[in-house]
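First the structure, which I've put down as structure tokens, then a few questions once you've had a look.
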Amino acid sequence: MQLKPIISPEQAVEKIKPNDRVMIGGFMATGSPLNVINHLVDLGTGELNIICTDTGYADKGIGQLISSKQAKSVKASHIGLNPETGRQMNTGELEVELIPQGTLAERIRCGGAGMGGFLTKTGLGTMVEEGKQKVTVEGEEYLLELPLTADVALVKASIVDKAGNCIFNKTTKNFNPLMATAAQLVIVEAEQVVEVGDVEADRFTLPGTFVDFIVAV
Amino acid sequence: MQLKPIISPEQAVEKIKPNDRVMIGGFMATGSPLNVINHLVDLGTGELNIICTDTGYADKGIGQLISSKQAKSVKASHIGLNPETGRQMNTGELEVELIPQGTLAERIRCGGAGMGGFLTKTGLGTMVEEGKQKVTVEGEEYLLELPLTADVALVKASIVDKAGNCIFNKTTKNFNPLMATAAQLVIVEAEQVVEVGDVEADRFTLPGTFVDFIVAV
Amino acid sequence: MDKQALRNRIVKRVAEELKPGSLVNLGIGMPTLVANHVSDDMGILFQSENGMIGIGRDAVTDDNLDVDITNAGGQPVSTVPEVSYFDSSLSFAIIRGGHVDSTVLGALEVDAEGNLANWIIPGKMVPGMGGAMDLVTGAKQVIIAMEHCNKNGEPKILQRCNLPLTAKGQVNLIVTEMAVIEVTENGLLLTEIAVDTTVEQVIKATGAELKIASDLKTFGEIE
Amino acid sequence: MDKQALRNRIVKRVAEELKPGSLVNLGIGMPTLVANHVSDDMGILFQSENGMIGIGRDAVTDDNLDVDITNAGGQPVSTVPEVSYFDSSLSFAIIRGGHVDSTVLGALEVDAEGNLANWIIPGKMVPGMGGAMDLVTGAKQVIIAMEHCNKNGEPKILQRCNLPLTAKGQVNLIVTEMAVIEVTENGLLLTEIAVDTTVEQVIKATGAELKIASDLKTFGEIE
């Protein structure tokens, strides 16, 4: 049977190096791998290039990585509820690229699914189109958005079996299953680890094949 | 509460008109809406433009629509196990467009998700690239594939609640949830219809919002 | 008119625009309050772009709190019985694929061409667009719910937005405490004015040319 | 050498190429038999493009038949305990996103540039490409498992394919009952010959230039 190694949060964060592109799941901290994030703050790796939908709150979740200055760049759709992100952006300490949330989700899926890009109307006629190729299809103009991939994805699942198959409860899904498809190394923080076969296979929405390591908390 | 009308297969097939583009779920008949198909054969609407992954077997599933000459065109990835499709194609009775299976799935998703197209390497340097725009991104060449939508989607689900939320068992998923996002009118043949709340919400993988009618069999 | 009465008037009027059986996404802040004015028998479902359809209107208490159910503002919410959950990829397929019937959003500026600015004030406030660009571009109907003027009493409805846009030409309707304004191909059409205002006052508070509907109506109540 | 012995030799040799812990997609027909030569302790999982990872090797009987579990040929299959299921969109994200380590497919023709033709004989046989174009383009390693010559005894390994291609320059390895041939940047490299053949025989049966590996090995058993 193909079982995935179960490691501690300490072991997990040691796999992340400065300059890594790190995707982190969660939406305003709901569904974020909070334990792994805590340990990443403690380890103080730094120089991370973070990809996430938002920088959460200053004191919770991804925001802690910003507050403790672990990030050198952030790609996100929303940073409004964490004033520290805006502050570091304004002082030039942090490079921030703002991406429409749907485009961000789709770019990550695109990276995981091996496509070269996709055409969208989101962002047309706005600052988002700057520097981007436009493609016209049947008289309609679209922005060409490119795939996003990462070195590491840190995701959070509610139930993970020992083969890495994942269930994400309710609104904790958000970016977690997408990011797991788009990174070289995928680390899943599991709220609960179960034996293979304990849960009906159809309950899992992310196949274990995408998972490299399971962090049990 | 937003409940979806439950109709008979007879009522379902009356909603389909000649020249309609009709997406039909299933993979070699696994997960195909067999009852609705049977009634569509009986009604004999004809002149349908069918979009499906394969034309199944001559005597089962989508193949019956071909055998009974209900189709004027078929877009599919595989027709090899139904010799009647090839025969009608060779005599010119049936217009057949062959599409790589992954590209077909992605084109349908693309149509449902409101994108203008996507870039793929599948089909590059083959007959599939004929007549298609090529886009170069960072020195890499890709085919631009366009979205597919339909007038009607006929899909099959294992469990459907009265609000239209759907569960697709095991390998019956295939094209069913994708097609449900990409058609104007979505008719779900339900193996089992349950009350809202009978099944845990997280079990559903297709939100009822995509469903217009439920056919109980 | 106090802030709450003003907001109530706006969201109540917006609620009347929503169609029975439709799928609606309400932006953070004032738009959220629209849900309070929609009756259950309309069968309207509320989508939240972080991944659910079926936000409930019950308040979240210690008894029904589920930390795994939050809205696009990160706040815990209750659910209706037919709730469904999905990842961000399907969520934005729903939004961008035109499956959301109406979205209600706030604005910093909105203009005569249906352009909207609500995500950035360069140099001052850069919250990011979140899902707003996707929603405004993808939803079938875009309703702006906002106060007619900004804190300084300046018009937020302009001939042409000054701030960076959220989307171009996508706004269908503007509802404020003073007016209901349709965005048409020929510019802005004033279709309703509040009971406690006049056409002249609306024109004065608006930074864009307004056409006046021949069957101009009134809305709201005198507070 | 009878057909079955010949096929056994091919698939047994292909099985040796698969890496422990890898994800593998086996094409319909002969490639399916590769699974019989992979031991459980290798932790290899088999994907099926219609939407599952974890096809089992147990035969399907009346006792374990589940009509909702079929493979890409539409045939009922058994499953391993860690099986997972998904729709065609995720299935091809797995395939096209480079998450499949190896795919094993048959061929009508394969050539010195790694081109593959296996989906159409114009005017004669048009089964369609199914998932073959996606698999050959997306999988990290593409292994062709086929008989060295066609029914008429003509080479299927050519300098340049004559039939319409399935994909361009994607094939990594060709395994036949006579030879194991690597596709390299400099053309085809014969790395192994079967125990019951000679280099001369392989060259004669091959329609492309073959370089001979300096450490040429043998494989298979004499039947």
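Order of writing sets the labels: A, B, C and D. Residues in every chain begin at 1.
Assume contacts are C-beta pairs under 8 Å (C-beta built on N, C-alpha and C of every residue); 3 or more make two chains touch, one makes a residue touch a chain.
All of these numbers come straight from a predicted model, not from anything done at the bench.
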item: Contact network partition after chain D is left out of the picture; value: one piece
item: Taking each chain's C-alpha mean as its centre, the one farthest from chain B; value: C
item: Distance from the mean Cα position of chain D to that of chain A, given in whole angstrom; value: 35
item: Whole-Å gap separating chain C and chain D, where each centre is the average of the chain's CA atoms; value: 56
item: Inter-chain centre distance, chain B versus chain D - centres from mean C-alpha coordinates, in Å; value: 29
item: Chain D residues counted as touching two or more neighbouring chains; value: 85-86, 92, 96, 138
item: Per-residue multi-chain contacts in chain B, two or more chains; value: 106, 109, 113-115, 120-121, 169-170, 201-202, 205
item: Chain contact graph, described as a line, ring, star, complete graph or other shape; value: other
item: All chain pairs that touch each other; value: A-B, A-C, A-D, B-C, B-D
item: Touching residues on chain D, where the partner in the complex is chain A; value: 21, 23, 40, 43-45, 47, 53, 79-86, 90, 92-94, 96-99, 138
item: Chain D - residues contacting chain B, complex; value: 48-52, 66-74, 85-89, 91-92, 95-96, 115, 120, 125-134, 137-138, 164-169
item: Complex interface listing, chain A residues touching chain B; value: 106, 110, 113-121, 133, 135, 137, 140, 142, 144, 146, 167, 169-170, 201-203, 205
item: Chain B to chain D touching residues, read off their complex; value: 27-31, 53-54, 56-57, 76-81, 86, 89, 96, 98, 100-103, 105-106, 109, 120-128, 158, 168-178, 205
item: Touching residues (chain side chain B, partner chain C) in the complex; value: 1-3, 109, 111-115, 161, 163, 165, 181, 196-197, 201-202, 204-205, 207-210
